[in-house]
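Heads up, the next two complexes both have chain A, just with different partners, chain B and then chain C.
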Partner chain A sequence: MAEMTTSQEVEFAPELPPHGPVVWLRENLFQNVMSGVMSVISVLVVVVAVRGLLAWMFNPRRRWDAVTFNMKLMMVMAYPADQLWRVWLSVFVVIALVSASLAVWKVGGKAEPRHVGRTFMTIGGTLVFIALVSPFSTSGKGLWAGAGALFFIVGWTLRTRLGERAKKPLIPVLGLVTVAFGLIVVALWTVKVPWPLKEGDFQIIVFEPIAMSTRIPWTMLFFGGIVAYLAVKVFAKSRDGRRIRASLTGLWVLSFPTVVFILLRNPQVDVNRGVTWYLPTFIGFSVVGWFVLTAVSKNAKNELGRVIAGVLLIAAVTSFVFPMEFLIRFLLMALAAFAFLTPTFGGVGPNQRKLLYAWVFSAGTIVLSVWLTLNASGIDVPGESYLGGLMLTIVLAVLAVVLSIPIGILMALGRTSTMPIFRLLSTVYIELVRGVPLITWLLIAFIMLPVAMPDGVTLSGVMKAVGAMTFFNGAYLAENIRGGLQSISVGQKEASRALGMSTIQETVFITLPQAIRAVLPALVGQVIATFKDTSLVTIVSLFDFLHIARVVIPSQSNPFVFKGSITVTLVFAAFVYWLFTFAFSRMSLRIEKKLGVGER
Partner chain B sequence: MRKRLAVLFAVLALVAAACGSGEAEEETTTTADDAVAPAQDTGGSTLAAVQARGQLICGVSGTAVGFSETDAQGNTTGFDADFCRAIAAAVLGDANAVLFKSLTSAERFEALKNNAIDVLVRNTTWTQSRDTDIGMQFVATTYYDGQQLMANPANLPAINAGSTLADIDGATVCTNAGTTTEKNITEGALVNNVSITLETVEIFPEAMEKFRAGSCDIVTTDGSGLFGERSAAIQAGEEGAESWVIFPASPISKEPLGPVVRQGDDQWFDIVQWTVFATFIADEHGVTSANVNDMMNSTPELSRLFGGEGELQTSMGLSADAFLQVIAQVGNYGEIFERNLTGPLNLQREGSFNMQWFDGGLIYAPPAR
Partner chain C sequence: MTVEVRQHAKTPLWRNVTVLKWTAQIFILMVVGGLFLVLASTALRNFERADVSFGWGWLSDPPGVQIREGIDLHPDSGARALLVGIVNTFRIAISGIVAATILGTLLGIGRLSSNWIVKKISTVYVETFRNVPLLVLIFFWSALAITLPGLTEEDVGTYFFKASNRGFAFAWIFPNGGFWPWLLIVAVGLFAARYVARRRRKYQDDTGRPGHSGRYSLATLILFSTVGWFAWPLLGFMQPVFGAIESLVDSMPAVIIPTVIGLGAIAASVAWIRNFFESRRTPAGFGKITDDDWFRVIFAGVSGIAVAYLAFTIGGFTLEATTGEVLSVAELLRTGMGNFFGGLATSFSTQNANQVIEGVRSGGPLVFERPIVELRGSIGVPNYGTSGMVLTIPFFAIWIGVTLYAASFIAEIVRGGVLAVPLGQTEAAKAVGLKRGQLLRMIILPQAFRIILPPMGNQYLNLAKNTSLGLAVAYADIVAIGTTLLNQTGQSLPVVVVWMSFFITVSLSISAIVNYYNRKMQLVER
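== the complex of A and B ==
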């Protein structure tokens, strides 16, 4: 009897805590009098703010036509219209690489319907809220509320009607994202945007479909991205994942110079000179380099290897004193660097052969880039520079970040080094650069550099800005990375020493990767700051995105006057900046999660 | 051992060969995104440098309404930009051979002195200190401007078109910082013994936003800017913009705007000056881009100006038909004014100092003889 009672007691389900909307409200918003008052006040503030913002945005007097009419100006400024395919191609390179990476690294996975349902219900609730508080007409409110209700019902169905299946991962996240982007593309083809029109003495705003030159490329990019994803997925299926990931990383690295090339150069190639000078140079350096590096790696353990590397370095440095082609100087520098790295990475057998292939590949890349760069460019733009608008902002940010990473790493290593001369030099650099505002460095680069330059050498405005920003950013990165280096325990170093690693090996394989992983959030913060800092280049008359939105468009008078549009263009600029930085911080959160930063 | 030595020799031979082959063809540095030579490679003449380059480098603002603005395609247009194009037409025969360099007001004089530009046409006021500064020379006045004030009668009912600085006591006046307008209004208030609250913003559109919001009673800048703002507001159908009052009738400062060249190159000074005068003379005789080919020999003066008697232009280092190209490709002074200021901004030439001398204005060119 007693046993029976016990078993019955065991079968009782635990009592559910009280739940439901009323309980949720009481627990979260109206715990006591004070929190109730605060909740009411906050909701009122939100309602007033949203209502005010919507009333401002949808006021027919807002000159949103200033944004749509000047879209090309804000994006690429004076970039010639018949060369715009270069910009689209660059965007495609990035989109294709992103899609391929999503496929290879299997990002996204599958989400549970109840979670997706909750997101849909949130979106629906927000839309209904907007409809309720908005100052729209009844039909406008109905449209927003209808869309909101649709989302809400879909979300509610997903949450409640699927039963147990709602808790199983069923919905592919990437699929949802694709559908969302697809909806944006559909909107491109259906939405009408404000456009200025002259009617007698007055300027009026009419609503026009979006131009074909915007719709078609974006549609192609959308499908191009899907095709790239599927193609890589199929391709990667039967192959070694590690090798594919490595080659994709390589492609990301290569994409940087490629995009810069696509955007800036249309080389009018001189074939004759290619055959008589560049091809022989490439073959000569490849063959000689092959023998030299073989010799160095065979003598890696004794003095001769180091002597050869030293002679090469001296030759490379002295080559800058004597007049000669830049190509030779670059190649000598590269060969010296390879010779110095050979004892660390070369070894024997397959590693040695890999190094030799890498040398031939690098020599080819250098020869090809110098050849293409020194040819006359066929892109002709009105105005001083190819770059302006959002394109300039992005190019400045990417160049400044990418180029400052090596400086930052070197300076951080220098500052933590045991050699006093390196430590002194990098300390002076870091403290000097960080002690002076970026605006000052920009002005120095623009006003004082031309005086210091030798005759006949001119740097374009963009190059000067990139130089100043790289210089500045490098110091900040160095301090961030130094923080990471100091967080590595001495035990790591001692262990690598015990394994017989050289200093270079220990740094490259043990300390640096851990240091960078530890300071990843700080590095991402630095990248976002750099992206926003690019707007300072207006001080030296470069027309970046913000400058165009803030000054250039409000001062237009021909063919349309956009005076008084400054509030609209500034809000648009703020939105675009936010889109980029928000996307970036989300991306870095994902990477951090994947690397497990903060979990140990 | 022998093999090792061979490797070393190979390296040395490579270096030697590179030195040998390189000496003959030293390549100048070119950066990836522009390969424009500096404005003046040597200390020589600007004219020779421009002709060798095949392009005029003209310093403009790029954000000055009506004078040099950047249109939706990224091209530079406007009153100042057209004078750049006129100079290019005179020197190179092609009004489109101009490289516009946008400069901030802080950089403009440095750029001219550093040879980064050939000529500065950036709505720059001709003042004693600027003209006598080492390295700069003002050429001519292309636009007579003057500082005025604009008030909204809804906020300041006492102000009308006949008001003067004495009537603005207690008003909040907004303008952009770091320009002579700020100094002029402060001096004007002091002289008239009125107390004003001066609020400065970085760029003028921000002052206009404050004016619209009512936090500024009065905005002040050059008259051309104020008329442009008002007509733009009227065109956009803004309420009450018609009643904005611009006063006083005679401006509180003189702002003669015109091109600036480097000091010490008299030939280049003459070329820029006579290009401006050619547009004045064509305007005086009613010669436009449409009828220049018919009228070029209608009077002896026009015949001389447009190359009928070649030596006037050739002695300046230009081709005989240089000014014919200016008028045919860019137009006369009146056309430039109409195209950039009257058309888009409703800025009237009638009644201003920018009329010809015989119509009561100050536009006056010496005779072409």
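== the complex of A and C ==
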């Protein structure tokens, strides 16, 4: 009996579920009558939409040369051509830092060939579909279909021919990305796009490779990025990972002011004033601060430390009443803040030393940035700002995000605080700001801010826009972070109390890190929203990316007239915005997965 | 054995947590207040230097505003122009909210569909539109719509739908004479339908036979609406009633309005404070009252007095009307209330019969109107006539922009809400034999709705605020009209105050409504 059962079991071993294209169609498109009808309608809609879109895009009346011819305008506006190396250097700094971070944080990993094959097949299928429904000529269709078939075959091979190996992670993701970027660089040299030329009174369109003047810098950037990645990888192999990560974070922090205030702006530094005023101020404050902070940390547990910190704070506040250099007020404020935070972060031994170094570093940064900002820009750009185009859009977004983070954190802490006046103030701020649209805040900033400034202080348009956007973004960040703060269980607070932590220590070391980690996806969402919101500055006539696409190019008359090309430039602008935000949202998904938010 | 009892010294002032906390708070309050004062005084000084003085006279002065669409194209006062802007803002916001909700819900359900292609289309839509700035969308649609063909003399005629670079015109339903009395009858019908439904349900519970409560209540509502459609002139007796109220309001002294508001505010704050202390009272006397509680009490008292003070101060402000008459705000309010009742009286008048225009307009309390294209002006430029619904290009651009944009976010909210309903609910519903439609209607959607509601409210608020981008395509909303008034009169501060109070009121009202529903819908857990 037993043997028979066994043989029967073998005989009735589970069959593979039915598969194949027909089964797939029945299960995914034609489950029932309703679904079938919807599928047919949807296919028709897709075909009509794709065909219409392609017909619109490849219509010879669309002036795509408005985009290609004005690419420099859209990217950097009126930045002088002989200074463009500064922009390229800035881009290189960012690319090198990204590559180095990829190497240090070991991003990427390996993908399974079947997944890669599937992606390839999807791309190939889409290309073939486009070729089928497109209104192109036969040769055009053949080109698209051929490219699609190539992708499809590569994907198919990866998926089926590798057998069991297809399920092992074999393909490095970063390698794939590098190949993709390499293909883009090759395309810069080979793919031809329309380019307007003037022949006598006539304007003709010739086809030239994309990026006539920029292909060499882009190629160099591409290889520079690879070199940076490999170099950092080799360098980081034998060294302490924590230290390298810390210094890389520091470089990221420093890169932004370096790029914006030194590289792109080329401040005309007054060396004499630097030696006679800024250097002595820096040295004086470093030394005085060193002794004061040492005294405070020695007396952190008794009254003297508090008294010193309190006196410093009062001095800093009263400094705003008396006429005085702004720099000294800033430094006094910073010193008071350090004195108050000393009992939390300082102590004895290495901690105390770290605090003192941090003080010298901060004082230096403050002095240097004030000094550099007050000097005139060495880049002579017609108009108000040396920033324009996509460059301005990115700088606006980064500045608004970075500056609003401290506001957001403080206001979130205020709103969840037990102290009623703090709670009232931050609630009023948050609700007031969130209740009124950003465009109204921008208008208010442009109307009211210049009037509210003391004599002699003039704000540029970019500064006003950054002020309004920071103010606005801070409230939204605060609400996001508050969500995180409220998700922290009381047990965490009780545990830190039991360990004898002060309120500040508990907030900084226990509550905030967990809260921010919990709402990181929402914060990235806010970054995306800020990036999209930068487009509003076109309404107050800053020359950002959208303003150039919407106003500048369609009103050009020399050397070419691009009147009526506004839909084309707007579609291109939409595509560029989409690229950035889509990349960000994918990044947010990865972070979410990596942190496992929502799974705990 | 002696036990040594160490006397703890009283905590010194600089170690007392309460003292420290309040010192810090008052300190920060002073810093913030000081900063604010410094900025404000600088601004005022600069304004004085530029010889700008602020007032509210521009609200009653005739504005030189060209308004392209709205309830009044030639407003006789600044306030009226702002009102046109507010109505325009609401028009976009409400129609956008309705359209975005429908589209977004369809897309959200589409993303969860088992149909592969529907799922893909919804995903592509969402990923495309939520990653593009709204302003780009608005400009794009605006740029696309003005490439439509213009109106020519051949186009003169009556249409159901007509698109041109002058805008989109289509047939629409409008309220007519007798609309308000009819609406009143329909409202009564709603209550009657509810009553009937309750009776039928009771009948079903009592007898066990099917009560058909839905059908009966629907029939009641239809009956009331149909009868009311023809019988509304019977309500003509309301006209003298409202007329009497109007004359009563007009004859009362204006000071009553701020008095009522101020006394109401003080009474409300006193009542709140009393309730607060009552709720803290325990059998053993007052419970522990923390700093926070004292702060609340003080805040409630101060705000009651502040509202009363403001009511009297603002009520006493005088404005110079166009006629040269000097009126206080309280008197203006009284006139407004009087006009409201006067308008009600007119709308109940039976003299106000329907106007039916052959081929264009038909109907009773509601009329169906078709748009016409006619030659207008002395030189006969072809343009849309005044009948039917005409959407200008700016309206269309901003409406479709906010709708497409908000729909992509609403789709994600709906998807998240449906996914958040535990799978067990679906399984349990299937186990008790519910059909797919019933499962969606009775199990999934009510539970998903509770999750969807708060983010949806937020999205509506965003949409309402995003309509202010109408400024970019010269749509005459409150921000655009405010900007024009500001440029003409130079009254920047008052215009900013008007903007802020409008948007704060709208956003606080929307969040109040959402919070109310949220509390009602919230699961009550033990």
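Just so it is clear, the second predicted complex is superposed on the first by the 577 of 600 C-alpha atoms of A that agree within 3 Å, B and C clash if a C-alpha of one lies under 4 Å from a C-alpha of the other, contacts with A are read in each partner's own complex, and residues count from 1 in each chain.
Methods note: a contact is a pair of C-beta atoms (placed from the backbone, for glycine too) under 8 Å apart; a residue touches a chain by one contact, two chains touch by 3 or more.
What you are looking at is a predicted structure, and each value in this text was computed from that prediction instead of being measured.
Superposition model on chain A: chain B and chain C are shown in a clashing arrangement. Touch criterion met: A:N28 reaches chain C, while chain B stays clear of it. In the overlay built on the shared chain, the residue A:T581 is in contact with chain C alone; chain B does not reach it. Looking at the shared chain after the overlay, A:F509 reaches neither chain B nor chain C.
In the superposition on chain A, contact is made by A:I539 with both chain B and chain C.
Residue contacts after overlaying the shared chain place A:R306 against chain C, while chain B stays out of touching range. Touch criterion met: A:V46 reaches chain C, while chain B stays clear of it.
Of the two partner chains, both chain B and chain C are touched by A:R550.
When the two complexes are superposed, the chain touching more residues of chain A, out of chain B and chain C, is B. Within the superposed three-chain model, A:I447 lies in touch with chain B and with chain C [touch as defined at top]. Contacts of A:T418 after superposition: chain C is touched, whereas chain B is not reached. Aligning on the C-alpha atoms of chain A brings chain C into conflict with chain B at a single listed stretch, 149-157, out of 5-13, 95-103, 149-157 or 221-229. In the superposition on chain A, the residues of chain A contacted by chain B and by chain C overlap at 447, 451, 539, 550, 566-567.
Residues of chain B touching chain A in their complex: 3-4, 7-8, 10-12, 14-15, 18-19, 21-23, 25-38, 41, 62-66, 69-78, 99-104, 107, 110, 114, 116, 203, 205-206, 208-209, 212, 228-229, 231-233, 235-238, 340, 343-345.
Of all the residues in chain A, the ones that touch chain B in their complex are 61, 63, 69-70, 72-73, 76-79, 81, 201-204, 260, 264-265, 284-285, 288, 291-292, 295, 299, 304, 308, 311-312, 315, 319, 322-326, 328, 332, 373-374, 376-377, 381-388, 446-447, 450-451, 455-460, 462-463, 539-541, 543, 548, 550-552, 554-559, 561, 563-564, 566-567. For chain A in complex with chain C, the touching residues are 28-29, 31, 35, 38-39, 42-43, 45-46, 303, 306, 317, 418-422, 424-425, 431-432, 434-437, 439-440, 443-444, 447-448, 451-454, 528, 532-533, 535-536, 538-539, 546, 550, 566-567, 570-571, 573-574, 577-578, 581-582, 585.
Those residues of chain C that touch chain A in the complex are listed here as 14, 21, 24-26, 28-29, 31-32, 39-40, 42-43, 46-47, 114-118, 121, 127-128, 131-137, 139-140, 143-144, 147, 291-292, 295-296, 299, 465-466, 468-469, 471-472, 479, 483, 486, 492-493, 496, 499-500, 503-504, 506-508.
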